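Notes for the one structure printed next.
The chains carry the letters A, B and C, assigned in the order they are written, with residues numbered from 1 in each.
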Amino acid sequence: MSNKDIISVNLKVWRQDGPNDKGRFEDYSLKEVNTHMSFLEMLDVLNENLMKEQKQPVEFDHDCREGICGSCNLVINGIPHGPEARTAACQLHMRHFNDGDTITIEPWRATAFPVIKDLVVDRNAFDRIMAAGGYVTVATGNAPDANAIPISKIDADSAMDYAVCIGCGACVAACPNSSASLFTGAKVAQLSKLPQGAPERKQRVKAMVEQMDKEGFGDCSNFAECEAVCPVGISITSIATMRTEYVKAMFS
Amino acid sequence: MEVADKTTFKWDSKIPTGPLTEKWKTHKNNVKLVNPSNKRKYNILVVGTGLAGASAAASLGELGYNVKAFCIQDSARRAHSIAAQGGINAAKNYQNDGDSIWRLFYDTIKGGDYRAREANVYRLAEVSNNIIDQCVAQGVPFAREYGGTLDNRSFGGAQVSRTFYARGQTGQQLLLGAYSALMKMVHSGKVEVRTREEMLDLVTVDGTAKGIISRNLVTGKIERHAADAVLLCTGGYGNVFYLSTNAKNSNVTAAWRCYRKGALFANPSFTQIHPTCIPVSGEYQSKLTLMSESLRNDGRVWVPKAQGDKRHPNEIPEEERDYYLERIYPSFGNLVPRDVASRNAKNVCDEGRGVGESGLAVYLDFADAIKRDGEKAIRDRYGNLFEMYQKITDENPYEVPMRIYPAVHYTMGGLWVDYNLMTTVPGLFALGEANFSDHGANRLGASALMQGLADGYFVIPYTIGNYLTEVTPGEVDTTHKAFDEAEQSITAEIEKVLNIKGSKTILDFHRQLGKIMWDKVGMSRDEQGLKEAIEEISALRKEFWSDVFVPGQPATYNKYLEYALRVADFLELGELMARDALDRPESCGGHFREESKTPEGEAKRDDENYTHVSAWEFTGVDKAPVHHREPLIFENVKLTQRSYK
Amino acid sequence: MASFANALQSQVGRKILTGLTGIFLTLFLVAHLSGNLSLLIPDGGEAFNRYADFLHDLGPLLWIAEIILVALFLIHAYIGISIYRNKKKARPVDYKYYKSQGGPSKQNFASKSMLISGSVILLFVILHVMHFKYHLFSPETYMTSYNGEEMVDLARHVEVAFLNPWIVAAYSFVMILIGVHLKHGVWSAFISLGAKNPKITPVLYVVGGVVAVLLAAGFLLLPLYIYINGGLS
């Protein structure tokens, strides 16, 4: 944590022209980084500088910059979303770095998340997992009154704990095996806590797990690294829940 | 491009006749239906996958139409709706505090300062309850009471508790609900979602919408999509101010291209400035972060009584603090509507009583609430917001009052639509924040989510059929010359912007535009400023087209190229906003004209002359647009000067 | 319904199987250890030899148990290895810089070396069986008799082996590796088998560590005792 208002940093940024390019690190140095800046604002400044020299800016994904859309995906100094726990890269501020630090920035790396350019990757595999079963089948207009089925506050809160996943993929990026279990488990666990969607519970877990396999993610070894980097702190109990749901689906 | 004849232009807002409370029911009974086996012959493009787009695409897919949905993010789930925090309104009256459809309607119309259509707003209030039912059925984990029933909170501009919420992530949960419904339809094959694909033009044939031109943002390839109807659900354009609470990629491009193709743009200057945002901290600032309005349920807003009081807030004694909202508006207190709260914050800062380094901030203090309910209760209610505040500012709001300042948040203006949500281009519909329909001159908190979902789940599935029955499906395909022309012009535009290779960055222009907009078309506006703004924006636009530097190649992933095209459109929109503001010399809702205020400094409407919607017709980039006025007729509510005292 | 065969191929199914086999192997170790510890009863190895003889006399039942045990090992090892092969496929280009976030992360020496510790255990088990069951390294067979009952003096066999410093060193090393394997393994198996109460999982992690230490220490006790003591009694 820096006490200074202005620091300078050296950046080692992964540059890759396209999916088939081998890629390489490039070094940049930035003087005069205000420590109240967010990490992405620091990259904005880098890109402004590059463009002022008519050079190619670094491509990175971002949108809300509030830690909720799940767009940003940077591996900062070896950790997805950077050194601050429970903080998406866009919510990381430069005050967590020191004057003269060298900061490495890499993209998510996984077969299922191919690099598009520089730090931008393709995460559509997550959409396909969701399409396989991450929903309650209810057609518009068919719903009973919202209070018709009471749900205990404990269950509702617990469902919410799992529902807050922002779909960023940091769990995959951090996992030594590139497993998507935390993401998939979070959805399965959320819906397992609610009476809605109970009729298709078994089908759901089976289909989502199958799709997860197909996408080329790795197995889960219970390293819990995913939970450690998850910006919203999804617990690996979601993975355990996915497994019990799966067993229930298997024996019925 | 067909532009309707200016002199003979006829309004038809298609509002059904009959009593207000019966209009929607009657209309639903009267709309023409598409035979189920015919539905699959119709192709519909849904541009945008926010609450409006995702709910529309899912519902239309369920009905059996072929739907293609587009979004610029890498997943439909990342649409900007995800960021909404506070909640969604509905007239369920679960709290038994006297709420009703009528009250929700009335609050919304009044909150909008009587610049919205009665019929639309009433319909919105009517379907609000179905939305909650639908979302719960999808598995949206709304907050609940111990007994298992749904919990509510109160929001600004209302005296009942009707806001449903899921912690501080209501938008996220609602969008994930709609997204899951969408993915379900993707699974069934009825909907195709094209992510990272940006609509760059509307294709019209004989003035009717028949498709779009888009750019695949990964490969840079220009694509053509033909359809029988196009639904624009592309969100708001607050980013014209550069700094706003909108996501960085939110933009006006799709709507703007439709405007250029003949869709009227309504009330473009009606912008909501949200009172509770984290203040700007420096030049590098790239966006502003909203602190949910729900915080005003428990937080008390104050500034020091004395000017330039630089003491630490906790050292300023009670009697030297001015809880100005409670003082000026005793009955609504801290829960006055957003426009009122924002303007008052600006006023106290203009008086030199603002706090923080820049003097552009006021305090939002939770000390009393923590004393009353305990820190745990406050943490349960706002934990994640407090955490976010601390991450950004490095200050602990449990101990030090938050510093907040107004920021651009929402745009009430948008494409003009009739009661069926169709724009003036037949076959082109606009839903959600992209249209102008329901919020008048000011939107009440928690009603944008309601509107987006109302449009997508409960309105468009009925009204689109009415249009489609008159269309032969698949009439036009992508080989039509209208597609050739549209594609060529987009390709040429991209070439052009890439070849300028000027000396200023896109950001330079966007910042400069933002500053003009904030200073002159922002929280308070006057004739002189607006006229200057028109001049300055027009000059800035010319400079952009001669001196901007856009890096890279057209046929690759190139985020700065996307950005350049969006800023180019903002540079046209900004001017239109200033014109619109200039042509409305009254104050109403979020639109405050210095020339029109009460002796106490409150906004003063001029109902005699301005009870209308302003809708603008494009005539050419550097030409003055034509101003049309749709009169607003109020048969059910009496227009009163809003008072929250 | 997910068919069982499908389940074996799915990541989740596989993981549940690793957990199940792991737990059963751990239980086997507990049983094995309690048998071993009977050597420490100062009765000249009688209890231990009788126990071994009892097992031997089970005949076909013992074969079945042995087959199950071998199957457990094979399934467990096969899946364990395939998890590591998948891992390479799932991330062919590795990070140039990679660091654990810490906090709730359970990445540590133990969890990162599961394949290595497991493989060494596998190798050891083969040698171990050859050694004590098929007398590979010590061809002579000691016999003893209790109340006229003639039986193999396995205790003596063990004693002889553990008087050899090389064997003691190698054996101790592997026992420590078993501890390391189980430090992550026991906890991991609980999660694999669905432990999902967030209040309990941290406790399980501690329990896993304790089980690992106890088992390793238990297995270490015997060789060290024999070696230091210069024999069983």
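Here, contacts are C-beta pairs under 8 Å (C-beta built on N, C-alpha and C of every residue); 3 or more make two chains touch, one makes a residue touch a chain.
Please read all numbers here as calculations on a predicted model, not as lab measurements.
**Student:** Find out how few touching-chain steps suffice to connect chain A with chain B.
**Tutor:** Graph distance in the chain contact network comes out at 1.
**Student:** Going by CA means, which chain is nearest the middle of everything shown?
**Tutor:** Given all protein C-alpha atoms shown, the central chain works out to be A.
**Student:** If you average the CA atoms of chain A and of chain B, how many Å lie between those two points?
**Tutor:** Chain centres of chain A and chain B, defined by C-alpha means, are spaced 27 Å apart.
**Student:** Provide the C-alpha centroid distance between chain A and chain C, rounded to the nearest whole angstrom.
**Tutor:** 37
**Student:** Chain B to chain C: how many Å between their CA centres?
**Tutor:** Centres of chain B and chain C (C-alpha means) sit 63 Å apart.
**Student:** Going through chain A residue by residue, note those that touch at least 2 other chains and give them in order.
**Tutor:** Where chain A is concerned, no single residue meets two or more other chains.
**Student:** Please name which positions on chain C make contact with chain A in the complex.
**Tutor:** 1-2, 4, 6-7, 9-16, 83, 86-87, 89-107, 111-112, 114, 184, 187-188, 191-198, 201
**Student:** Given the complex with chain B, which residues does chain A contribute to the contact?
**Tutor:** 18, 34, 36-38, 40-41, 44-45, 47-48, 50-52, 54-57, 59, 61-71, 84, 87, 91, 93, 95, 116-117, 120, 122-124, 126-127, 130-147, 150-153, 156-157, 159-160, 163-164, 166-167, 190-191, 193-194, 196-197
**Student:** State the interface residues of chain A toward chain C in the complex, per the touch definition above.
**Tutor:** On the chain A side, the touching residues are 14, 25, 75, 77-79, 83, 85, 104, 106, 109-112, 174, 176-179, 181, 189, 202, 206, 209-210, 212-213, 216-225, 227-229, 235-244, 246-247, 249-250, 252.
**Student:** Hey, which residues of chain B end up touching chain A in the complex?
**Tutor:** Where chain B meets chain A, its residues are 55, 58-59, 62, 73-78, 80, 82-83, 92, 94, 130, 132-150, 166-167, 169, 172-173, 176, 179-181, 183-184, 186-187, 193, 195, 218, 247-249, 281-282, 284-287, 289-290, 388, 391-392, 394, 457-458, 461, 501, 505, 507, 549, 551-552, 556-560.
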